[in-house]
Amino acid sequence: MKDLPIVSPHGHVDPALFSDPDASFGTPTELLIIPDHYVFRMLYSQGFPLENLGVPTRDGTPVEKDHRKIWQIFADNFYLFRGTPSGIWLQQELVEVFGITEKLTSGTAQGIYDQIEECLQKPEYEPRALYDRFNIETLCTTDQVTQDLDHHLAIQESDWNGKIVPTYRADSVFNLMGENWVDEIKALSEISGIDVVDYSSYIQAIEQRRSYFKAAGATATDMGVTSAFTHVSTEAQLNSIFQRALQGAVTPKETKFFTAHLIMENARMSAEDGLVMQLHVGSNRNHNDFIFNRFGPDKGFDIPEQSEFTKNLQPLLNQFGNHPNFNLIIFTLDESTYARELAPLAGVYPTVKLGPPWWFFDSFNGIERYFKLVMETAGIYNTVGFNDDTRAFPSIPARHDLWRRLTVNWLSGLVVRQIIDEEDAYSMAKSMCYDLAKQAYRLEN
Amino acid sequence: MKDLPIVSPHGHVDPALFSDPDASFGTPTELLIIPDHYVFRMLYSQGFPLENLGVPTRDGTPVEKDHRKIWQIFADNFYLFRGTPSGIWLQQELVEVFGITEKLTSGTAQGIYDQIEECLQKPEYEPRALYDRFNIETLCTTDQVTQDLDHHLAIQESDWNGKIVPTYRADSVFNLMGENWVDEIKALSEISGIDVVDYSSYIQAIEQRRSYFKAAGATATDMGVTSAFTHVSTEAQLNSIFQRALQGAVTPKETKFFTAHLIMENARMSAEDGLVMQLHVGSNRNHNDFIFNRFGPDKGFDIPEQSEFTKNLQPLLNQFGNHPNFNLIIFTLDESTYARELAPLAGVYPTVKLGPPWWFFDSFNGIERYFKLVMETAGIYNTVGFNDDTRAFPSIPARHDLWRRLTVNWLSGLVVRQIIDEEDAYSMAKSMCYDLAKQAYRLEN
Amino acid sequence: MKDLPIVSPHGHVDPALFSDPDASFGTPTELLIIPDHYVFRMLYSQGFPLENLGVPTRDGTPVEKDHRKIWQIFADNFYLFRGTPSGIWLQQELVEVFGITEKLTSGTAQGIYDQIEECLQKPEYEPRALYDRFNIETLCTTDQVTQDLDHHLAIQESDWNGKIVPTYRADSVFNLMGENWVDEIKALSEISGIDVVDYSSYIQAIEQRRSYFKAAGATATDMGVTSAFTHVSTEAQLNSIFQRALQGAVTPKETKFFTAHLIMENARMSAEDGLVMQLHVGSNRNHNDFIFNRFGPDKGFDIPEQSEFTKNLQPLLNQFGNHPNFNLIIFTLDESTYARELAPLAGVYPTVKLGPPWWFFDSFNGIERYFKLVMETAGIYNTVGFNDDTRAFPSIPARHDLWRRLTVNWLSGLVVRQIIDEEDAYSMAKSMCYDLAKQAYRLEN
């Protein structure tokens, strides 16, 4: 399975890396530490201020600029990652992408920095070259509703053959209580050419953007919510909430009902335009006010919450659950919902599939739990293979490799116990490592 | 352990199969597909309409009648069941019950249909013959409160020696919001000879039926509820809710409190008459309105919900938890309650035992999780062995076999780690595969 | 790892065992059965009244006094503990502490009783001698806020070198709805010399006691709560609740908000005085009224409940989560919170560490689950090694031994899979079995 091309149907790699043929990754520290919240959250947990790790502040207060110094802190404390998925990925990446053979320690830190730095200056370490070396077939990005997709269009018009597919994500205009929601609505008006003044023009602008994304090659949308609660409100109710949000006066309860209706609207639109709907549930974002105010979002302080799907999704599934053109892929951060709720739902609704283990659960044990908790009830064909979900482009092979090894290991266990035969196992492995992702995300063409 | 007789203390096999000496199972499709919601839910999840699978509609709209055509769809898609419990049971059943040696595929479908069909016409494939061949000692059925148990009585009066034991289940008269509740109350009046007009006559009729079932050999009752919430209301409150239900005007909240009291009443009656009380908690029944309206209940759309036992059962356990004649067996669909709530409760209350892994968790991994999550705190002697809980009679040996293999495998692991010795292991295995079920369900005589 | 000294940073051993050089453990039954709720809860679950097991009643109603008769019941039913942690500990204790080579059965019961009894009369079985033989370096006890710590002071003044460290626990004065809360407040006034008449003097007295404990060597506090809900109230609100509690008129809701504020106050005090804060969440104490009224607390009827940390701790962590002098160790009885909430929190907040598997989960499978569910996200260095949490002093080596074996087994698995190397494994093992506990509880000096 290790030689199958990589299909990466959901992730956060910056498309600008591929639109400019000469794009580069910067320094080793810019590549591996500063943008990776998995890495600096662990260092922060042991008392290292984010400033010392070069994480930029929102207000421009200066932070550490010496990338070798930051790298040294990282190497001094690399033992913290023992037994963690970041540890596995980073080690494999150092060996397989950069050819590092020494263990990263205080003593080897600067030598390894030199080696990586040298690599990154070579043409074969430019993003497009690595894309080919990594044997990537398709790489989907995640793009905000207000983006013009210039990078994607430039890639399509270029003579480079990589397939970088945009994914529509409108959370910035969905979250009524977001800091910049009013600005986001203005941006939405501008880019859509539709004056967003009420609920009806809001939905119209959103639909316009979906068409634009679809025309630019998108096959899927994404939506992140704290709760999967779905509920239908009247347009009058929704419009009244919308107006209050424009005035900055919306309440958490109103937001809850607005979001519950928006999930339904997204399902309706997906049933209409055929874009696959992804729903990511359960992250309590920016849990630490101090860190959020100083450094902004995505700083390692998104903490999972309990989730509920059986009751929460019932209104949505009663409306769209049997629809022939609707496809919903659900992601959870609450593993207790795997066997209890999500596998039973995915194992019967023709419209529902279960996404791979997400975030903290994209790990050795997390993947093993997923197989054991999900597959017996859902069957593998109601799941969608693997997502690397990463912004760390050079970690992509290591992440897919872990999934593939664990897939084959799990299937071998079934063969040994005579639950499946070898022929089944090969076929299932190829599905789980390649076909299911392509099919579920409609990436066949 | 494989030669021990089968004790099946909870299931849904139709007693009519045994009251008529010439009963038969019909076609292979009638035996294995049409009545098995595990099977057709998986096919539905991949887009096959239930009509095409021969599942009868409520209003009589015609569905596929060609059983070979349905069988072909099943065979074409049998790969969907790879790694699922249905896959394990079906394969073992084909081999061990019907002597099929080929793998079920599109190509072998009709040949295998022929073979099964031929078997089913032989006398040794009649239900009574299979009962003996399967080495079943006791088979408990589940019977509605308004049934007259004619089949059980006929079996008892026959010269056949099989032990088919009725189990009392009154959910149809308990669920105030059930579609046909008023009709069920009429049926209850009729069969009990007690005019059910208020809460007091209602309870009287229920008690009369329990006596009838006990006289017909029942040793246990069953009750299915969404939540384990227990609470005492006054008779005036209960009667007022009851009257509103008779008028079809009852609310979900009233129903919740009524059910909470009924669980207590059931416990009281069990303490009085000694029938073992089974409580099945957490299934959100008929989740899909479209399927329910068109095909009725038990169509694969019963989805588990989160459950809570520690607080919910406290009122009940404070009243009956130390009672010398009360026996409660609890089943959950929320595995997070195994180690957190149910094993601690079963491990201390003399009246509480924990039922085996239920429904989606009666599976390879489900059983392994159960052993690991439950046994350390509850001890095996506060559990009740295995229930196959099936309406698919020919799958019974495969289901018990899986439990027995996993039991022995789990115990072997404890021996290897020197946690128990071999003598302990043999004794525990026999308990878990035979004795505990007999004892817990009072089936010794 | 088996030769490392034992650091026991949290437990319930009686310090009086060490202040008196001639203290003894009493009879085998007094040592192993009567005080051990793990043992008698299992016997009660199978119908043996606590009276027959010698558990003292609150009102002095006589209970079984013949310790050999109680021992015989225990031995007759020792099979109940097969596969349980108590079974593992007891067997190892009999072999390694008392040199028993026979299996405990009905037949061997009295002979084994003789052997243990004989041991217990020898000087090498006195507590101080066993402390040395067990290679204990530090043993922390748990001590109520109103205690004078005379035993600890006596030990410190003695010529014995054992290190017995007190831990401050104020639950008795925190729980407004406790039976004896008003008496506890009187005791608090008395021992602190501060007349506790309102919220302000209450907090003052509590702070005075913390200083007293710290001066007596305490390095940590402990707090047990049903829910982790934290919330700030005004002093006026708190005082009003306090006054109502003094009058015995407090409601559950008031208690909930009072406790939510007290958790915050404890965090504030810890940030100020540097005592490590332990928070034990989720035990529904004294679930069985009959047993509580007759025998009192700690009788095996503390049953876990669902817990929530992400939202509940947010107010506390926003106030103290980034504080350089605050240290919080969290314990849960809800394993579904390990990977979902606690590992993500411990893996990023510099002030938060996750305690070892608690109570029912201090077991073979419980520890294995903990490693798999926690370590990938938290990293081992955000955990705190092992706590035996026991009042059964002679079981301490067996408990630490189980943790150590499972640690080494888990790490070996990582080495075999090449996730870590052997050098890492040795270093991690020593941390998990020794260093982390010392560091987290500030026991280095």
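Going in written order, the chains are labelled A, B and C, and every chain counts its residues from 1.
By our rule, a contact is a pair of C-beta atoms (placed from the backbone, for glycine too) under 8 Å apart; a residue touches a chain by one contact, two chains touch by 3 or more.
The structure displayed is predicted, hence computed values, not measured ones.
Asker: What rotation angle, rounded to the nearest 5 degrees, superposes the C-alpha atoms of chain A onto those of its identical copy chain B?
Answerer: Resulting rotation angle: about 120 degrees.
Asker: With touch defined as above, tell me whether chain A and chain C contact each other through largely the same residue numbers, more than half shared, or through different ones.
Answerer: different
Asker: Just curious, how far off is chain C from chain A if you go by their C-alpha centres, in Å?
Answerer: The computed centroid separation for chain A versus chain C comes out at 41 Å.
Asker: Mind pulling the chain A residues that touch 2 or more other chains?
Answerer: 336
Asker: What residues on chain C touch chain B, complex-wise?
Answerer: 41-42, 44-47, 79-85, 87-88, 103, 284, 287-291, 300-301, 303-306, 333-336, 360-361, 363-366, 369
Asker: List the residues on chain A that touch chain B in their complex, please.
Answerer: 308, 310-311, 314, 317-318, 321-322, 324, 336, 339-341, 343-350, 352, 372-373, 375-377, 379-382, 414, 417, 419-421, 424, 427-428
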